[in-house]
Each structure stands twice: as C-alpha cells, then as structure tokens.
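Listed below are the structures to be examined.
Paired with chain B in one complex and with chain C in the other, chain A is shared by the two complexes that follow.
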Partner chain A sequence: MNLLIFALIILFGLSSYYFGRSEARKLITTNKIKLNALPSYYGYYLGIWCGLPALIILSLWSLFEPTIIKMVILSNFSNVESKDLFYEQTLSFFNGNFTGELTNNIKIASEKYSSLNAIAYNSKIALLASAVIFSTSYAYKKVKSNNRARDDVELILKGLLFVSSLVAILTTIGIIVSLLFESIKFFSTINLFDFIFGTSWSPQRAFVRDASTITPEEYLELKDAFGSVPLFAGTAFIALIAMCVAVPIGLFSGIYLAEYASTKVRKYSKPIIEILAGIPTVVYGFFAALTVGPFFRTVGESLGLTVSSESALAAGLIMGVMIIPYISSLSDDVINSVPQSLRDGSYAVGATKSETIKKVIIPAALPGIIGSILLAVSRAIGETMIVVMAAGLAANLTINPLESTTTITTQIVMILVGDQEFDSPKTQAAFALGLTLFIATLFLNYIALRVVKKYREKYD
Partner chain B sequence: MELNNSKIKIKSKNLNVYYGNKQALHNINLEINNKEVTALIGPSGCGKSTFIRCINRMNDTIDICKVDGSIEIDGKEVNDKNVDVVTLREKIGMVFQKPNPFPKSIYDNIAYGPTIHGIGEKKDEMDKIVETSLKKAALWDEVKDRLNEPGTGLSGGQQQRLCIARALSVNPEVILMDEPCSSLDPIATAKIEELIDDLKKSYTIVIVTHSMAQAVRVSQKTGFFHLGKIIEVDTTEKIFKNPANKMTQDYITGRFG
Partner chain C sequence: MTKEERLKKRHNAEKRFRFYGLLSVSLAVIFVLVLIQNIVSKGSSAFSRTTIAADISFNADLLEIEGPITKQSLEEAEFYDLAVESILKIYPSKDSKEERQVLRLFSPDYEYEIKRYLIKNPDKINQVASVELTSSDDVDQLNKGNFPRDLPEDRRRVSNFQLNIYDNLVEEGKIGKKFNDYFFSKGDSRDPELAGIGGSLMGSFFTIIICLILSFPIAIMASIYLEEFAPKNRITDFIEININNLAAVPSIVYGLLGLGILLSVMDFPRSTPLVAGITLSLMTLPRIIIPCRASLKAVPPSIREAALSVGASKFQTVFHHVVPLAMPGTLSGTIIGLAQALGETAPLILIGMVAFVVDIPGTPVDPSASLPVQVYLWSEQAERGFVEKTSATIMMLLGFLIVMNFIAVYLRQKFEKKWN
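Showing the complex of A and B:
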C-alpha cells in the first residue's frame, strides 16, 4: 500500500514539474515578464515542493506507526503476562495464521488493531493529500510571483547532498559505537591486558557461558583463552607474504605500464591487470585452497618438507596476486603524474631511460608509491575469504610459512558463524577483534592519506 | 659582425621533421657558429623548438616524431644510427622553457649529470664540479650556504640558473636554450641574459626566444622561422636593421605573429 502511495507522490511531483515549467513559459510569452530563472527551474521548484514534504511525512509515518499502534493496544491490556508475546499473537491472529491457544483477549486486541489500522490509514491519506495540496499551492503562488527559483532549487539540492553525506557519516558512527559497546562488555569480563598480550587463542572454551555469571575460578581458566597475539601475528605474517609478492610485481608492472609500454599496450593491459581486482575473493580462496595449497604440499613432500595443506604461504601468495593491481595501478598513475619536464631534464644531461626512472622518477613518485603500498597493506589485513579457505583455522603462533595459521578476520568469521548467544564472551570477542582491526587499518589509512597528501603538494 | 672568422659548429642540411602525418620542419639549412649566440625567432608553432630538439636528439623520446636529413656537429652526423645519444647529450646541454629542477637538493641537482657519466666519483672532485658549475651559472653566492636544501625551493630565476648550472656540470660544448626566460620576471631575465653573454666565451649557444629585444641583446646571429621553414638567417644586426625578406620585416616590426 505504501508503495502505491509512494508511486502516486512521485507521479504528482513529476507532473507538477511539467506544469511548473509550462506555467513559467506562459508567464514569459503572455505576460512578457523576464523571469529570474530558466523555466525548468520553476518546474523543479514546483516538483520538489509537491513531492518532498509528502515523502518526508510518509517515511516518518511509516517509521512510527507500528510502535504507536502497539503502545495504544497494550495500554488496554495491562494485566497480560508477556506483552511482546501477546502482541505477536494478536498480529498473527489478525493475519490469519494463528496457531495455539486462542484467548478472548487476543480476539479483542485484534479487533482493536484492525480499527486502529483503518484510522491510521485514513488519516495518513488525508494528511498526505493535504500536504501535497498545501505545499504545491504554496509553491505555485511563489512561481506566479516570479521568485528566485534558481537559488531556491540550489538550496534544496544542497540540503539533499548534505543529508546524503550525513547518512554515510551516521552509519560509520553507528558501526563504531556498536563495536565499542560490545567491546566494552567483553573487556569487562576479560582483562584488556590478557587480550592484548595473551599468546593462546581458544574461544571455544567459553562456549555457552553467560558473561555475568562467570566466577573468579572460571575466569582463571578463561583468562588465557582470549590471547590475541597469535591472531595478530598470523595476520601480519600473511600480509607480509602477500606484500612480498605484490610490491615487486606491482611496482615493476606499474613502471612498465607508465614508462615503457606503448599507448596501445597500456590501453589494453591496464584494464586486464585491473580485472584481478574484480575477481571475487572467494574465487581466489578456493583457487588457493584447492590448487595452490595441494601443489605446495606435493612440491614440499618431494623435497622432504612437511607442508600442511592449509598453509600461510598459499594464502599469502594468492592474496599477493589479488593485491597486485592496487599497487600497479596506483603507482602507474603516480609515475604518470611526474611532470614530463623532469624526464626531459634528465635525458638532456645524457641519462638513459632506466637511469632516469631509478634516480629521478621513482624518488619523485616515492611518496605516492608508499601511499599505494600502505593502502594495499590495509587491504591485505582486512582480507578474509582467502585466509578462511587457504590458511586454516588453528591459532598457531608460528613463523613457518608452511604451517597453517589464522588471522583476525578468519576468527571473527569462525566466532559468528552459526547460532550465538550475545552475552557469551566468545561472541563479544568478535567485536573486540573487529575494533582492534578497525583501529589498525584506520591508522594505516591515515598514514597512507597523509603521505599521498604530502606528495600532492610537491608539484603545485 | 665578422661572420667568416668564426668556425661553424653545427650545420643542418635539408632537415625535415614529421609528427605523425604533419610535417613540422621543411628543408632546414642552418649553420651555427662556434662560441657565439644564435637566436631563433618566429611565431609560435613555427618549429624553432623542434629544430633545437633535433640537435641533441631529444625528439627521440617522442614516439610519433620522425627526423630525416642531416645535422652535423664538428662535421659528425648526429642522426647516424651509431651515435650514442648519451655522449651526444653530454656534449650538448639543454635548458628548458620552464625551470625543471629535480625534487632533490641543490647539490644533487648539479651532481646528477656527472654521476651518470662517471665523473667526480670522489667527494672533493664532485664538490669542485658543483662549485664551478654554480659559479659559472652565477648562482654560487646565493646558494653556497644551503646546498642541501631542495632545488624546488628556489625562486623561478634561481631555479632556471640552477638548471643552467646542471647543464654546465657535464662540460658541454653547446648549450641549447628553449625560451629560457619566458616564465621569468624582467630582473631574473636580465640576470640570465647577462649570464648568456658571459657563457658565450666558452660555449656555443642556441637560444629560442619570443622577445625581439632579447634576440638583439644577446645574439650575434639570428634565424627567422615561419611555418616550419627558415625564412632568413643573418647577423642579428642585419636582421633587425635591414632584413632582406618582407616577412622578416613584418614580424620584427610586430605586424604579425
């Protein structure tokens, strides 16, 4: 029903756009008035005034209607045991899919619900219609009196843009706050010190245990179940392997694309390399787990090494391949933005192409290249799917790349897959891990952006 | 001016240059004398810069550019396949329209060229090269106390003199200047012109300029280019006082261009 109303409002808005435009044109031709704005601005003005207030009312109404109806109904039944359950039962009886013991109260409440619903519906329609009529006629009067429609439309657009950015910002803040609150709950059970410096990770031990009922004896036992060191070490280790692959290959291919490749080669090969970034990570993941992992295992065995079939090496290697385009593409852009005059200056004193690249272009582009590498690092740290599939789940504290290891993101997945109790420290640990990961990548991104910004100032 | 007493340093014969399908230079025949300043004037896009970029083969770096005909330096063909551009460019320095110091220290800007050619490997030798180059470019007194500061931090005129010093650091015989003063103010321009006057005692200089007054002030010989052709070459005095060609006359008196 709301959908139909929504469509109607949009339709009214559109038609008042055309109406406003033609009215403005009429003003020009018949009344010979020089308008303050182009006719289409009057169209936009009328259209926005017709649609926007009604849409805002509609969305606010839909947001609050269910809560208000619920409150009104429940206020009549103060003697019911579980109010939420009672209300659910009423709703399902009203919708005709009620099963279970039917009480008289439910029948009464349901009747009340249907009458309230009808009232709400009628008053909604009346409110919306009057809003449309009132705001449209207000705007129409303004158009007739030749208002500064251009300025007004600009103002409304500015408001719309502001609201959009506000939504993005509020979402971010919301995520951070929820991370923060759950983490605080976690750290009220588990000591922050034990979490940061503990070297053993086995959150399964805390399974089905209410955080509020943990006794001091139990805590001693749980204390070393949430040591995050193996996770951070594993994350850093796999990211390191990935960077060892991605930095040289990415940088060299970036240099090739920017300095050596002909325009034609560049035009085709750059998008092809960028396809690597578009492959879903889950595809990389099973490639690493099913092809590369077993391959390493076979090679390792023939060399007499014990290679676990899920290894940090396989995961890191494939992650490195995935990251190549981030580095190659960004460093290609950065190298291209080094002014041609610097190359000319270098060639003019007799430097060869590779000398110019090594001694002039790379140093000049270095801040930008470092920025691209740091962005790639935070990508590597946040990557989940490849590690889940290829690096294993066991939280080993190891520096042997042939053994299986695990990362922060993998453990978050492990903790939150399946049914969870939200008051168990095990579940809350996921939020604590998420928060630390968030802080780490935020820090890296901040440094990367600072470095890139510094670079920008150079050639102004 | 006693043109005949000077030895010819650079000589171009039937030089044609093409950018893709467009011909930029048509049959250029030009002789440039040793230890003298030759000015090239003409309206924008007439091929002056293209011509001087042929002398040190900078046009090699442009994919679509094709050069045919001949340019000789000291009687040796520049466009020959066997010529090593690295040694050629060591012999022929170039200064560009916009100052283009490397984003390195003043010292490293000068040391760059010698390092590439394996000169001045010892620290004191390099110090000497840096000092003499900066002195020749009349910049030493202004920067001697801050050689480790970035070259990009200097003023426009100082940057351009730094670029001249960079070109001098590898001991070239010829210096090509592509509108070296076009982005400088009159005071910096006067300094560079003074410097050019000084440098011509030991170097052959070819300068592209849009300023007639500059050509008159600094050069001994002037060539007038128009639409990729050379219209008239003579002593600067003759070109500006009594040009043989009507078009030259019109250009220098400001009737077109």
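Showing the complex of A and C:
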C-alpha cells in the first residue's frame, strides 16, 4: 500500500516538473518576461515542492504508526499479563492466522485495531493530499511570480546533501545509544567492577529475574556468571598470536615490496597479497576449523601433545594471515613516502641497503608503522567469524596456545544466536561486551589515526 | 676482525635481510594458493551428484487414482507405495531391516522424483521405465571416493550389505553422475544431497540490492557535501572524524545496532534481507564515502575554475563537471564496499539470519539466509556431504567477489581520467 502511495507521489512530482517547466516557458513566450533562471529549474522547484514534503510525511508516518496504534490499544487493556504477547495475538487474530486460546479481550482489541487502522489510513491519505496540494500551490505561485528558482533549488539540494552527511553522526549515535541502553540495564544488576575484574564467565548459568529482587547470595552466583577477565585475556591472547604471525610477515613483505622488489614482482605479488584482505572472514573460519585445527591436532598427537581441536593457536594463526595485507600495504605506503634524500644520504656514507632500511628508513617511518600495527590490532580484537568457528566456547583462563580459549566477539555471538529474551542479564551482557569492544577499538583507531596523520604532516 | 671480514659479514646480513623479505612475500602468496587449492579440491565435487537408475513400474492401481489420468490427478496421487515397491526390486532383501537399508541408498526425495518423472512423461503409465534417482549422501560420497571402504563395518556409514548393492549397481552401469542442479535451485535441507544455495543466493541478492539502494546515493551525496560544499568548521570536522572511526568499527557492533534498534525498537521483521540490507548499508556507508571523497578530490581544481569562469553556478560546476569525472572512482569504490558487505557474516548472525529456512525467499521481507551465513551454518554440520557443499558455496562466494573486484578495477582503469 505504502509502495503505491510512494509511486503516486513520485509520479505527481515528475509531472509537476514538466508542468513547472512548461509554465516557465509560457512566461517567456506569452508574458515576454525575462526569467531569473533556466526553465528546467522552475520544473525542479515545482517537482521538489510537490514530492518532498509528502515523502517526508509518509516516511515519518509509516515509521511511527505501528508504535502509536500499539500504545493506544494497550492503554485500554491495562490488566492483561504479557502486553507484547497479547498484542501479537491480537495482530495474528486480525490477520486471520490465530492459533491458541481466543479470549474476549483479543476480539475487542482486534476490532479496535481495525477501526484505528482505518482512521489512520484515512487521515494519512488526507494529510498527504493536503500536503501535496498546499505545497504545490505555494510553489506554483512562486513560479508564476518568476522567483529565483535556481537559488531556491540549490538551497534545498544543499540541505539534502548536508542531511545525508549527517547519517554518519546518526549511525554513531545509534551505536552508542543501543549499546549504552542495554549496558546500563546490565550494570544496574551486575556491578561494573565485578564485570571487569571477575574471573569466571558462564552466562548460561544466569537466571532471569527482576533486578530489584536479587538477594545477596544470588548476586554472588550471578557475579560468577559475568566475570569478563577470561574473555579479555582470551581476546588479547589470540590477538597476540595473530600479531606474532602478521607483524613480521607483513612488515618484511612491505619492506621487500617497497625497497627490493622489481616492478614486475611488485605488480603481481601485491594484488595477490591483497586478496587475503578481500576473502570473507567466514572462509578463514572454515579453513581454520576444518583444516588447520585438525592438522595441528594430528601433528600434536604425533609429538605426544594434547592439542584441542579448537586451539587458540589455529584461530590466532589464521587471523594473523588475514591481517598480513593490512600491515604490508600500509607499511609499504609509509616506507614509500619516506623522502628519497634520506636514502641517498645513507648510501652516500657507505651503508648497505639493509642497513639503510634498519637504521634510517624504519626509524623515519616508525610512527606510520606503529599506526598500521595498531589498526591491525583493532581489527584482530574485533574479528568475529574466525574465532566463532575455530576458537572455543568455554571461557578458560589459560596461556597455553594449544588449549581452547574464547573471545569477546565469540561470546556475543553465542549469547545472541537464536532466540533471545530481552531484559535478561544474559542478553544485556552481550551489549555490555559490545560496548567494551566498541570503546577498545575506538581508542586504538583514534590513536592510530592520530599517529599516522601527525607523521604525514612531518614529511609533506 | 679484518676489513674484508667485516665487509663480508655486512654483505651476508644484507643477503639474509633480503631473503627474509622474499620469504615473507612468498609465504603470503603460498598461503593464498594453499587456501584456494584447499577449497577447490574439497568443493569441486559438489557440482555433480550421483544418481542410481532404478526400473520403476508405473502401475496405475498403486497410484490410487480415481477417474481418468490427468496432470491434475497425478499431482494429487500417492506415489509412496509405487516408489517403495519398485525400488526394493533393485536388490533382493531378506527382512525389513535390509529393506530399509536398500531404501536408504536413495535420497528421501525419491517419491517426488518419481512423481515428477511421471508428470513429465505421462505416456509411461502402466509401463516400466528406468528413472535416474538421486542417491543418498553416503552413496554419493562413496561414489566420489570420499569414504574409505576398507574401514571396519561399524566405523563406516555404509554397511557391507549396502556396499554389496553398490558394487552390483556399478557393475550393471546403473550408477551415474549428473550435474548438480539441486545445489543451485534448492533451499537449505537437513540432507546434504538435497541441500542447495538457491535460498541463500536470493537472500544475498536482496540484501546487496537493498544495501546498494540505501548506501550509494547517501554516500555520494555525503561525499559531495563534505568535499565540495562543507565550510571548514566544527560540525564538518566532527562528521569527518565520525566517518573515519565508523569505517574501522568491528562489523559485529553493527549487528548489535541492528538488533538493538532495528529489531527490538522499530520491530522490523527478523531474519530478513530487509534488516540485513539496512544494517550492512550503515556499515558500508563510511567505507564507500572514503573512496568517493578521494575520487572527487582527484578532479583537478582547473576543471572547477573553468566551469565557474564561464558563469556556471557552484552546483552546476559540481553536478555537470566534477561528479561525472569522478564517477569511475566512486562506482569502483561502491562496488568494492558492496563486495565487503557481501562477504560479511557476523552482523547477519546477530539479526537472526541463521534460521533454518527451506523456502526460497520471494521478497526482501521473507526470512532467508545469505551465502556467507550458509557457509557458517553448513560448516557446523557433521555429514561429509556438507563439507563439500560448504566449500562449493565458498567457491561461489569467492567467484562473485572476484567478478565484483574485477569490474571495479576495470571501471577505474578504463574510464578514470589521469590528470597530470
């Protein structure tokens, strides 16, 4: 239905574009007026005024209509047990696919729903029609009086451009609000310090209970379910393994490609290495879980070691491989931007190429390299699919890379996969973990970008 | 140490250093090759399926059709008895246990395959015809050589009895191999031989289309504003910082955003490409804005000055000259951003796209999976057949990504103007 209205509005807008343009031309031919803008701008002006207000009203209306109807209906039934369930039942009864026990209340609510729907529909049409008529006639008068159509159109367009650039801010606000909202509820049940410093994580033990009625004994048990140190440790540990793989390989690749490789080698090997960054992480996860994990276990068994098939080593190793291109291409860039004069100076006093790289180029490029490593770390701790598929689920506090550990992202996925009830500390815990992750990556990115930027300024 | 010795040492260090670099590059390249080789060798067999030719006697009495035989009556007819009776004839079995084992050589869909065959060839009624039926996953894997035959019987999924029938069938030439059209046309299934990526393909398609519709116009408009019109002030600085940070936020956080706002506050339908598309477009937006701005910036100021000098307005300058010139760069940036969105899994898991969906979605508001999520779902399954299917899905996914990236590179190389 809304789609039809949308199409109609677009159609009206288009026709008023042509109408406005021909009106403007008429002004030239019949009234012999010199126009203030090209005729098509009058068309745009009329078209925008016809379509835009109606579209804004339509989208706002369809966004808020369901919520408002729900509120109005539920305000009449204050005595039903579960309001959401009741409302869902009403809707399914209204749509004719109701199963289960039919109560009188549901029938009444459904009638109310249908009447409200009709009212909403009629008033929506009336509002839209009057908006179209009013704004179009306003714009038409302006066209007739030969306004400065181009300036007006450009002002509206500029407003549109500005609004779309605000989407980035809105997204950030959305992220922060959605994370904070649930996290605050979580921290009203669980003490922040118990969350940060607790060493036992087992959210499946958490029971659903109203936060205000938890007794101190129960709280002790809850506290043990939500101590996040094992997750932080596991995340850091796997990220460390990943960096042990990615930093040397990535850095040496970057150096080799920037300083040694012939143009031919560079031309072919750089895109191949960058393929690694383009492969979806779920593919790495599959490879780590089905090939690398079992391979390590068989190798470990032949050496007499017990290796978990979901070892931190396998996940970290594959994650490291994934990160190689991030480090190699960024450090390639920063090494290339070190001025040639520094190299020439070093060669002139007789240093070999490797000595120049080690003693001159790397120290000069160090901030950029550190920035790229920090960005890589932030990617490693936020990486999800590899650890979900290849690292373990149980929260072990361990530094043995052959055992399984779990990470923040794994636990978020484990908690939220499948059906989840909101308002349970378990679900809220996932959002609290998400908030921690968001803050940590934000911090790392911020520092990394600052470092890289500062470094760029130095040599530009 | 003499001078010569020291020089030799330094030169050796030089060689070692260079070798480390070469080693790193080769390690990275080797890893790409190993990964691709591993996936292809596991997955390529999924593109064929094993069939068993069985003589089916289409006895009209068993179909329980009353009245004349028409397409309509065949659609409604009961094929189970007929199917079981004919299939059991391929090998004599002693008791019901052995009969079950014979039936288990075929996929659970044999009844419908026989039905489809008869509806296609209605003249075969009351005749015997050889129909190629899809084999079960076990026979399929056996035929593809993925099951070792020399294990003791209790560690094999195929019993000695079944193995015997299989060998017999091979001798009679009744085992065949066909192109696996099921893999592309069917939705998800618990039986690997019947599972396909049709559903997740459509899910991914809808998701990417929605993501494109939402993110491309907004990204272009935002980058035009920031690059061409924005005054240098606090607000634009803040927007810039935001965009740079959003581009580096882990994708799972966008999943939490989708779950916390789109699903629980705005009540969008769960598990649907619509929500997935919106969530991914929020994620893709900053990743598209950055290359779009770069390509706008690459258009030299002389173009703008020339347009302005002949009396074009700022808007006319930007929309008639700068944006068309920057188009190849913006388009290729968009395609690369969409390719990343296509491979994204974690946010989709959080918004419930991991549901087991058999039906192929017809609209963006039907529940569905997407290709990377299908990889995740199947990788959790134990059957050998799913390993093959997962790898084949990855091959499809990588294929799409390669095509998209190729188009992006082509657009840039072919159409982008080089300014000196």
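By our rule, the second predicted complex is superposed on the first by the 287 of 460 C-alpha atoms of A that agree within 3 Å, B and C clash if a C-alpha of one lies under 4 Å from a C-alpha of the other, contacts with A are read in each partner's own complex, and residues count from 1 in each chain.
Operating definition for what follows: a contact is a pair of C-beta atoms (placed from the backbone, for glycine too) under 8 Å apart; a residue touches a chain by one contact, two chains touch by 3 or more.
If you're wondering where the values come from, they're calculated on a predicted model, not measured in any experiment.
Asker: Taking chain A as the common reference, can chain B and chain C both be placed on it without clashing, or not? Answer clash or fit.
Answerer: By the criteria stated at the top, chain C and chain B fit after superposition, with no clash.
Asker: Now for A:Leu91: first (chain B), second (chain C), both, or neither, which partner does it touch?
Answerer: In the superposition, A:Leu91 contacts neither chain B nor chain C.
Asker: Check the residue A:Ala312 against both partner chains and state whether it touches chain B (first), chain C (second), both, or neither.
Answerer: A:Ala312 sits against neither chain B nor chain C.
Asker: Taking the superposition on A as described, I'd like to know which of chain B and chain C A:Ala239 touches: first, second, both or neither.
Answerer: neither
Asker: Just chain B (first), just chain C (second), both, or neither: which does A:Glu355 touch?
Answerer: both
Asker: Between chain B (first) and chain C (second), which, if any, makes contact with A:Ile106: first, second, both or neither?
Answerer: Once the two structures are laid over each other on A, A:Ile106 reaches no partner at all.
Asker: Would you check which partner chain A:Ile370 touches, where first means chain B only, second means chain C only, and both and neither mean what they say?
Answerer: In the superposition, A:Ile370 touches no partner, neither chain B nor chain C.
Asker: Using the touch definition from the top, say if A:Val387 reaches chain B (first), chain C (second), both or neither.
Answerer: A:Val387 contacts neither chain B nor chain C.
Asker: With the two complexes superposed on chain A, say which partner A:Tyr260 touches: chain B (first), chain C (second), both, or neither.
Answerer: Touch partner of A:Tyr260: chain C, not chain B.
Asker: Compute the least Cα distance separating chain B from chain C in the superposition and give it as a whole number of Å.
Answerer: Nearest C-alpha pair, chain B versus chain C: 9 Å apart.
Asker: Across the two complexes, find the residues of chain A that touch chain B and also touch chain C.
Answerer: 352, 355.
Asker: Which residues, counting only chain A, touch chain C once they are in their complex?
Answerer: 63, 66-67, 150, 154, 157-158, 160-162, 164-169, 171-172, 174-175, 177-179, 181-182, 248-253, 255-257, 259-261, 265, 269, 272-273, 275-276, 278-283, 285-287, 289-291, 321, 324-325, 328, 352-355, 357-358, 375, 378-379, 381-385, 388-389, 409, 412-413, 416-418, 422, 430-431, 434, 437-438, 441-442, 445-446, 449
Asker: Quick check on the complex: what are the chain C residues that touch chain A?
Answerer: 10-11, 13-14, 17-18, 20-25, 27-29, 31-32, 35, 38-39, 217-218, 221-222, 224-226, 229-230, 236, 238-239, 242-246, 248-257, 259-261, 264, 266-267, 282, 285-286, 289, 313-315, 339-340, 342-346, 349-350, 354, 372-373, 375-376, 379, 387, 390-391, 394, 397-398, 401, 405
Asker: Taking the touch rule as given, give the residues of chain B at its contact with chain A in the complex, in rising order.
Answerer: Interface residues on the chain B side: 56, 58, 61, 63, 85-90, 93-94, 96, 98, 100-104, 112-113, 116-117, 152, 163, 166-167, 169-170.
Asker: Can you list the residues on chain A that touch chain B in the complex?
Answerer: 262-263, 339, 341-352, 355, 359-360, 363-364, 458
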